[in-house]
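Once you scroll down, you'll see the structures, which are given as structure tokens.
The two complexes that follow have subunit A in common; it is paired with subunit B in the first and with subunit C in the second.
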Partner chain A sequence: MAGVGSACLAVGLLTALYAVGASIRGARTGRSEWVASGRRAIYCLAGLLVGAFAILEAAFLRSDFSYALVAQGSSTDTPTFYKVTALWATQDGSLLLWATLLAVFSSAVLFLTRRSLREIAPWATAVLGVVAAFFLLLMVGWENPFDTLASPPPEGAGLNPLLRHPAMMIHPPMLYTGYVGFSVPFAFAVGALITGRTGADWIRATRRFALVAWTFLGTGIMLGALWSYTELGWGGYWAWDPVENASLMPWLIGTAFIHSIMVQEKRGMLKVWNVSLICATFALCLLGTFLVRSGILDSIHAFGASTIGVQFLVFIALMVAGSAGLIVSRLPSLRSTAKLDSLLSREAFFLLNNLVLVGLCLVIIWGTFFPLISEALTGKESTVGPPWFDRLTTPLALVLVLLSGIGPVLAWRRVTPGALRRVLVLPVGMAVAAVVALLALTSAADSPASLVMFTFVAFVLAVVIQEFGRGARARGVMTGEALPQALVRLAGRNRRRYGGYMVHAGIAILFLGVAASSAFLDQRDARLSPGDSIEVGGYDVTYRRATAELGRDRGGTGAPISLGAVLDVRRGDERFTLRPTRNYYSTQDPGKGVVSRFFEGEATSEVDVRWGLRRDLWLAVRPDLASLEKAIAEGDRKFGDAPTDVQALVIAALADRYRRDPPPAAFRAIVSPLVVWIWIGGGIAVLGALVALWPSPEARLRRVRSLYAARVGRELSRA
Partner chain B sequence: MNPARKRKIRLAVALGAALCLAVVLLYTSFSAATEASKPSELQPGRSYEVTGKVVESSVSRDEDRLRFRIRDRDGMESVPVVYAGVVPDPFREGREVIVSGELRGGTFVAERDSLVTKCPSKFTKDEEA
Partner chain C sequence: MEYALAVFALAALVAVLVVGPLRRPGVEEARDGARLEELNAAKEAKYREIRDAELDHRMGKLSEGDWRALDRELRGEAMEVLRELDRLEGRAPVG
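On to the complex of A and B.
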């Protein structure tokens, strides 16, 4: 079957190239049969890649170690869920996932636009075909996921234990869907530039795809943060690591794009800006895909030296140069059809928000690539740490949150100061009340930046509530509906608008969580013996007893040994128990003794978190194996040749020994206030995006009507 | 104000903002940066961020402290390191780590919690065990 998979990729490459050729020919000659053929080639490509993906997935499920990829990334004792997802934990497999998603997305957009955008669509097909061909070329030429091994090993290496976390397994497909999704508006923007049809048509056709991409990318980033918080054992959710930054940069520019295209749709302005933004977004998506594979930047994820870094760089450089050249050559057709009437207008504030987002992205690019920049300038490789990022991004984030509250209440074109005052009275009042309450009741004044953020968040939430309230009241008066019903119908009828408000509220809440948890976090590291207590953030934490389990890891990751601790926690009348553990995965390294193998492989912290709306208590344990070292070494010596069931008994005895007589273990306890709101806010934002995305019944009706009208027109002209 | 003048002012404001950002970026990043060094380059009396490989069978623990040796990525010269604080999960002999601190009496004394281990990641092909 591996041969069939390789063939799928090779044929896929030819198909993609054919799609490019046919579409360009169709576009140049105006012959629609070539255009249709190019489009169908993309459908065909999607079929081939889905087939290849299915073959590889089946190999993972069967644990067929004749596939090099399966032998590297999976094993028979890997739980089924992680067997399925191990495919994209490998370099080659993740490329296949990228290409497959790209082909599926391209097919979807080409199918939806098959009767519209007759001039732009063929060029967009060609662009999508080029991107697909690039990824297929990488796989066919250098990183074939269907490489086979001449002598398959009896057992695979298994999936990296750090990745055995539900969030981490869904995170890559989410990110890739985001990256891939942005290729659609990019392709149509290029098509619009080539044909000179730079109106808002291409935006209308691909706006939804941009929003889908934005939603998936955002969800992926949040899942990555969740993984970092609950799996990595250091207790944070964001470290400004190059790989994290790589996913945040396209999201920021994508956010700017989603806002600024509204200005083009409504006012015919910012055309150059919009095409530049989408080209930048897609370039950053490729850069993100490249960064995690290149090893050019030191990262905790040091994704090993790879063979395809140069190819990526060349492709990105060609893409950037090509887009820039195209934009410059089309400048005359990109002139605005309107002018900015007033600085007090929605478009002016959208422009401002765009500048802040782009500024934020530039800061992150600078910091991420600083090691390369400083090496080029001074000859010495230096890095800037998280404090630098925090210091520079905090003011920009504050401005951004404030703008997200003001923007929605402004009208297009021009707002009179009087009208502005009327809509802002209540939100500003709420923000002031929030400051007063925070100063009186909490210690929020200790962190001025956080206090400002809390104020702005209160302001944004008040704006959103006021907008919902005003709309629902007006609708209630006009239709006689009760308020709750009016509220639902209102949002249902104006999905883009009210979905957008929900996103703003969600992001504000997310920032509330970020501000509170980063400024008011309480962290303690301590070595404790059973019976010892520590105090952290008002909690009394007592180490009750040690635990040692064999093959019964709670997370279902298939870890053979889990050593842990039971801790009683008290805060006033609140009492509960937390059970953090540490999983030990065995290594296949023949250089280690038979018993040490079980302890010297990978180990991961399985932290235990008491989630709470007000604060989280986060606990991680690191058992000290020093007291077992002698026994382990003895086991290696005595039971080296013993049958496996005897070795299992030795391991059980060691575990038992740890449980009965535990040495002091190292603990990290963190109390972070409001941290859960990061993910609640993120969830609200995703929900809002879904509301904005959902096609409204009216729009469907309009589409049907316009199609019908077009047909009637054709029939009439024929008659 | 005539439109041409208005455009000019706008352009000046935009350029000014961009310039400010550029200056802030340059200034803050160079003043906040820590130099990445190899273990063989260390001199006493300065703080460094060292990148290197943990030497095989050099790791030992006593009480709170972790002791190990770290060598250049492509060389055998190594320095002893004393470290306290959280040890990242993927920390293993033979892996690449980043740690900040300074050289005191021939030993690299690391700052608390400054140890970063590179993930033997997802995309490495031939990982060392």
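On to the complex of A and C.
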């Protein structure tokens, strides 16, 4: 079937190119049959790529090592759950996932807009076709996921152990869906620029896609942080790694875009800014995809050096130059139809929020590319570390959280000082009360930046609660509904507004978790023998005994050996047990002996976390294998030619020896206050985004009515 | 061989599907239908703005004078959209 898969890609490339040609012809001549043909080509492309994806997934599931990709990224003992995900853990497979998602998204948006945006949609089809063609060209020309091996190995190399984590199963598709989703508003923005129809029509048609992209990208970033916290063994969730930054940059600019398009929708302003933002967002999405593949920056997340970095760079450069040229050439049609009435208005604060978001992104771009910049300027590569990022991003994050509280209380166009005072009294009062309580009851004053963040978070939450409360009361007065009913109906009928407020609350809560866990974290590193104890963050942690499991690791990752520890934890009356382990995966390195290959392959920390709303206790263990080295070397020598079941007995004996007589092990214990609120806040933000993008029943009904009205008009005109 | 056959078969299938609309030119709905949908979307957006402004007023964010001026302006814009909708739907515009 590898030939069929390759054929899907080759025919897909031709189909994408045809979609580009047919759509441009349709757009230029005004002939709808060519537009329809181009659109249908994109549907076909989606079918071809879904077919190719299914063929490759099937190869992974049946461990068909005649596929180079399967041999490189999977093995017979890889659990089925991870065989499915192994496809996108490889470079070629991830390109196929990107292209497949792009074709599916493109088909969805072209289907939804098939009866509207007659002038813009064909150009958007052409842009989406060009992007799809680029990814297909990469696969057909350089990184074919269907490459086969003349002599397949009996066993595959297996999935990178670090990726054997549930969050990693979902993280890449989420990120790619986010990246791909932003291609839709980008394509329609280009279409709007080419046709000169730069009003709000293209925004209304693609706003939901931008929101979907934003939601998926944000969810992907949060899952990546969760993976880092629970899998990487260093105890943090964000390290300002280039690849992490690469996903955050388009999310920040996408956030700015989602806010500023509201100003264009309502006021006809910021047209140049909006098309620039969406072009920048999509360029950053491509840059993110490029960074993971180019090998130009060191990252634990990157695929390593590859052959497609230059192609990516050329494509991004052409896209940026083309977009910039188009924007400049259309400046006259991008003039605002209104001007800012007052600095005390929602649109003014949206603009300010945009500037902060763009500023944050620029800081991150500078820090991420600093190694390249420094090397170009001085000939010596230097890097900036997390403290540099923290120092520059913290003040901007503080301003951003404050603005996310002020924006919702302001009306469009202008707010009188009296009205502003009225709506700010309660939130400011709550913020002041929060400061007083924090100063009196906690040690928050030890970290002034965190104290300010907690205050702003209290302010934002008070604003959101006030907005829901006042809105429900106002609706109750208008309709006579009881308050709970008014609240539900208010949110249901104003989903964009109240979904947005939920997002603001969620992001504020997320920042609460970030501020508390980074400023008040307590960490201890210690070497302990059974019976030894340490104290961390008010917890007494005692190493009770060592553990050793063969083929039964806690996470079900398929690790052959898991060495770990059982620790008893006490804090006041609270008592519980934690069981961190370290998984050892065998290597196929022929230079290793039959026993040592099980201990000297890759190893991953399987941390154990006691999650809590107030604080987490995080524990990782690193067993010391030095005491086993002699026995392992002896096993290599004596049992090199022994049957595999005898070798298995030797390994079992070594594991048992570790369990019975463990040497001191290295432990890291971390108590992070409120860290779980990062993901709770993220979840609330995602929920709010879903509320905001879900169409109201009335809107769906009106859409059906409008389609029927159009049909009646059409049929009457034919009669 | 498998590759060549698959390319041929898939290319033929795609060709049949994408050429379909070219053999039936003009079956797409009239341009007015598309404009109608855009105008309906614009009308809904304008109505939403009017409702938002009223809610802002009732919540104390907009003063009486500001709200009345804004409401008048937004309703005027909505009427423009309605006039064009009426024209496209073949109804005589009111007024």
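To be clear about the criterion, the second predicted complex is superposed on the first by the 700 of 719 C-alpha atoms of A that agree within 3 Å, B and C clash if a C-alpha of one lies under 4 Å from a C-alpha of the other, contacts with A are read in each partner's own complex, and residues count from 1 in each chain.
Here is the rule we go by: a contact is a pair of C-beta atoms (placed from the backbone, for glycine too) under 8 Å apart; a residue touches a chain by one contact, two chains touch by 3 or more.
A quick note: this is a predicted structure, and the numbers were derived from the prediction, not measured.
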Side-by-side fit of subunit B and subunit C on subunit A, or clash: fit
First (subunit B), second (subunit C), both or neither touched by A:V314: neither
Partner chain in contact with A:E602 - subunit B first, subunit C second, else both or neither: first
First, second, both or neither for A:D624, with subunit B first and subunit C second: first
Touching partner for A:W388 - first (subunit B), second (subunit C), both, neither: first
Contacts of A:A58 with subunit B and subunit C, given as first, second, both or neither: neither
Computed vertex angle (subunit A) for partners subunit B and subunit C, CA, steps of 10°: 140
Partner chain(s) touched by A:R414 [first = subunit B, second = subunit C, both, neither]: second
Superposition-derived minimum Cα distance between subunit C and subunit B (Å): 22
Contacting residues of subunit A [partner subunit B, same complex]: 72, 89-91, 94, 160, 162-163, 232-234, 292-293, 298-304, 306, 339, 355, 359, 362-363, 366-367, 370-371, 374, 380-385, 387-388, 391-392, 525, 527, 587-589, 591, 600-605, 622, 624, 626, 666, 668
Residue numbers on subunit B that touch subunit A, as the complex places them: 3, 14, 17, 21, 24-25, 28-30, 32-36, 49, 51, 61, 63-64, 85-90, 92, 96, 98, 113, 116-125, 127, 129
In the complex with subunit A, residue positions of subunit C that touch it: 1-3, 5-7, 10-11, 14, 17-22, 24-38, 40-42, 44-45, 48-49, 51-53, 55-56, 58-63, 66, 70, 88-90
Contact footprint of subunit C on subunit A as seen in their complex: 3-4, 6-8, 10-11, 14-15, 18, 22, 31-38, 40-41, 43-44, 48, 115-118, 200-201, 204-205, 265-266, 409-416, 418-419, 422-423, 467, 470-471, 474-475, 477-478, 494, 496-497, 699, 702-703, 706-707, 709-711, 713-714, 716-717
